[in-house]
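Look at the two complexes coming up: subunit A is in both, with subunit B in one and subunit C in the other.
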Partner chain A sequence: MSFLKKTEIPIALYLFISAIVLVEHFTGIGSSLVDSFNSGIIIVWTLTYLIGTYTLTRHNLNIIQRRRPGWYYSLILFGSAIIFFVLGFVDNSKYLWVQTNVLTPLEGAMLSYVGMYMYTCMFRGARTRSLDAGVLLLVTILMLFYMMPLGPAVWPGFETIGNWINSVPNTGAQRAILIGMGLGLLAVMVRTWLGLEKSFLGRS
Partner chain B sequence: MSSESKDEVKATGAFPVADRLIFLIYLVLITIPLLFPLGLPIAIAPATNESYFAIEGLAEGSVVLFEQDNSFGTWAELAPPDIAMTRHLFKMMEENKIRLIFYSGSVQGNQLSQRVIKDYVGRPYPFNNDPDYGKYWVHLGWIPGGEPILAGMVSNMVNIAPIDLYNIPTESMEIFQYISSKALPNDIITGDDINLFLVTHCTSPDSWARQWGGYGDPQRGFEHGNMIHIFSAGSVPYAMPFIGKGQMRSYLGGQRAGAEYELLINKPGLGAAYMDAQDFAHLFGIVLIVGSNIFYLYEKQKVTKK
Partner chain C sequence: MIIMGNTMKAGTYTDFFFLAIALIIYIYSIRTAMTGRRINLRKLATIEAIPEAVARAAEMGAPIHYSTAAAGTHTSDAAMTIAGLAILGEVARQCGKFGVPLRYSCNISYLIPVGQDLIKQGYTDGGRPEMYNDDMVVYTTEQQRAFMSSVSGYLMREKPAVNMIFGATYWETTVVLGAGAVAGCMQMAGVPRLYYMPIAVTTCDYTLIGEELYAAAAYVENVPHEMATIQAQDWLKAIMIVILILGTIASSIGSDIISKFLGW
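Up next, the complex of A and B:
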């Protein structure tokens, strides 16, 4: 096997860097080294964009060349990306026009699409089949009144109730989730140090 | 999709009739108030008030770090509070000579941050044509790297941002020289030199709470967590633990908070324009829930009687 493909190298690299960052966090020793790592991350992160661009290009060109099903969508995607990329260098005002009047409304529409399904869910799925479901629906209605601008303006009690729901039961549940996430992250870190976690190397 | 399932979709339609009716009613309900505004009242939430007074109370020469990570998809929801707060900051810059440092951790955020400052606040563009640029405010551009960059910004800001948006070395800029002259114990700019942290984002606030939540503003009695987030209304529950423990001071949650903030700074804009539509949309949701339950209970009673 090629030396660079050995599993031990990235694990050792991860162990070395994470140990230094942890020691610096708790003791302050090695802060200049950690600053260098932070600067290096900017370069690595930017390189991932290059890798992503290359992968996207190769994948879409492959589909177009072989006329796979939906190849015209790949042509539109790839063509739009090229045009937008070139516009950024050639004519900044047209680039900004496309960004403001085409890209922003399209992306906004894609995100808002999900909201439409929420309304069908409210119609079909929000049924009081049990006591728990009834409590959930009551809280949903109260929160809808709390979130709308008119609700607290009509009756300030909606603000009080909404704030209580956010601050007490919700905060307790969110804290439990955050603690669980933190413990999970610690476990993943220890597993990665021990070489048991190899998903980041592209292996199961 | 197989040809068989294509025929099935053709025969039945993509959505049942009831769903299509719901979509149509929803579209009509949000379009009418956008075309014919009703001017329904808007109550100011305590969190919006807290955010407003956090900026209004900034002392002369305070330093504000603003990470703007909006995205094109969430522009409609986050632009109103982002624009309103940025306008307020520039007004404070002109009145109280506060220093503003803008940057973004995402490509889209960088573009939208510049759009806000150029098109909505009205600063000269390119920004280095602005006489106040470099002296009272600076834009550091896109700084990728995620959470390590957040850590780096509060441990050694110039190391993370050696140049600005226009490749000008930050160490040579008057604003950075001003901040580092106040920085103790040495000239390194850290989180202790920032009086207020602001973030616009469309994710969970925990990264910023971890890295910036320990920095406060002792000048004004805040021991930690002098940080205000602008995010979507759906992210408010995720922020509550950090608000409860003081790692975050306040937040602006979505369009409604943006509308409230516009009223506070007396510059109604996008946010205020959307509020009537939002009222109608929420009311429609409530009607759907209540109506479907009344119908369900009636049907259940009929079946029980039979």
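Up next, the complex of A and C:
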């Protein structure tokens, strides 16, 4: 089975599939094959959930067994996962009830919490650590006054400055970054095609 | 195009032309580098600072937290995630060298074995294979919100010395970097997406923005043929600048020749 660990096989597969996708992009030939590849990706990805389930189970069981700090959270997580899993097979109506009345509100609460947490974190964490950050802060203040109704009412110049920032340096910088990113993507693709980039196979 | 005849889709001729040019430049550059020609590159401060960050963690006796954000290699985010994984290998090697524990949080299941392999090899290369254990990779389920709460909880509880996030960053970046800043971590980030660059700049000590992340993936390897891809990228950028200048001149004199060529 050692041949399966060779990096040449996944790189060859990557090259083969990339070639088909590129031919389809430029000519439209083989679109059904590309659709099959896309479906295949979803299937393989779903199968890999098993690895995640195993890792999560092992990690949490380890915490519970060794009574590490906060072990009861692991117990709640592990117990909930088992109950939810079993309900999915045993009683579909109860499974849907848990999903609608427990999981969905919890997710909503989590999203609201994370949103609020994000704002407070940014308020406490963001600092002008460099000249770049200082310029950014200055531009943010100017844009703040430009966006809020009070700003242009206090001084009409905020509107002129805000419009100029939006249409000149902002658009220019965004386009430059996007072009650079496109070229960077291409560089990673070429490195992967040539077998120079192996990090996604677990090799550095 | 001549060979393909009429089979080419309308509007893709320019794409094909640029792809062909880019491939020729990349391959030429790599072949030239392999002959032994030295390539001088501007230093990437963020990558150069990795040993310093790991040494800081060693002095504090605290771990390092690493994440490739909430994306994997099964979507168009693949290249960003691959770049993040390349940097993870280097961080693991430095952690092995300085004897610092590393935690890699991922929320894509197939990245678990990839991360474990990279970290294991990094610790081995760094001279401390005995420090490695499989629990260094923590899976936080496929949910982005679960990932955010898991990582921010970890950062606030454990207070690692360094918090790093390199990859296809979405809005979890804000939470992860915000929590890291509040926890007092030294922070490093590589954010290719425009929306999250301001957050990274204001909360991090070192930042890679846009294409720098891709360049860093090659930079950490520090071998001539990897460096050659960065050089080729610069040549392509020069071609783009020439096209931009020509386009500006052409549109200023009322000609649409360049825009027609780009939409060919």
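Keep this in mind: the second predicted complex is superposed on the first by the 108 of 204 C-alpha atoms of A that agree within 3 Å, B and C clash if a C-alpha of one lies under 4 Å from a C-alpha of the other, contacts with A are read in each partner's own complex, and residues count from 1 in each chain.
Everything that follows uses one rule, which is that a contact is a pair of C-beta atoms (placed from the backbone, for glycine too) under 8 Å apart; a residue touches a chain by one contact, two chains touch by 3 or more.
Just so it is clear, the structure is predicted and the values come from calculations on it, not from any experiment.
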Regarding the shared-chain residue A:45, is it in contact with subunit B (first), subunit C (second), both, or neither? both
Quick one: classify A:108 as touching subunit B (first), subunit C (second), both or neither. first
Determine, under the contact definition given at the top, whether A:34 touches first (subunit B), second (subunit C), both, or neither. first
Going by the contact rule set out at the top, does A:137 touch subunit B (first), subunit C (second), both, or neither? both
Give one of first, second, both or neither to describe whether A:174 is in contact with subunit B, with subunit C, with both, or with none. both
With the two complexes superposed on chain A, say which partner A:56 touches: subunit B (first), subunit C (second), both, or neither. second
Which partner chains sit in contact with A:116 here, subunit B, subunit C, both or neither? Use first/second/both/neither. first
Report, in rising order, the residues of subunit A that make contact with subunit B in one complex and with subunit C in the other. 41, 45, 49, 107, 110-111, 118, 122, 124, 126-128, 137, 140, 174, 178
So in the complex, which bits of subunit B are touching subunit A? 15, 18-19, 22-23, 26, 40-43, 45-46, 71-76, 111, 115, 143-146, 148-149, 151-152, 155-156, 159-160, 206, 233, 236-238, 240-241, 244, 256, 259-260, 275, 278-279, 282-286, 288-293, 296-297
For a test of understanding, state which residues of subunit A touch subunit C in their complex under the given definition. 22, 25-29, 41, 44-45, 48-53, 55-56, 58-59, 62, 70, 107, 110-111, 114, 117-118, 121-122, 124-130, 132-133, 136-137, 140, 174, 177-181, 183-192, 194, 196-197, 199-204
For the complex, give me every residue of subunit C touching subunit A. 4, 7-9, 12, 15-16, 19, 22-23, 26-27, 30, 72-74, 78-79, 81-83, 85-86, 88-90, 92-93, 109-110, 112-118, 121-122, 125, 134-135, 137-139, 141-142, 145, 148-149, 152, 157, 171, 174-175, 177-182, 192, 194, 197-199, 201-205, 209-211, 213-215, 217-218, 221, 225-226, 229-230, 232-233, 236-237, 240
In the complex, the residues of subunit A that touch subunit B are 31, 34-35, 37-39, 41-42, 45-46, 49, 96, 99-100, 103-104, 106-108, 110-112, 116, 118-120, 122-124, 126-128, 137, 140-141, 144-145, 147-154, 156, 159, 163, 166-167, 170-171, 174-175, 178
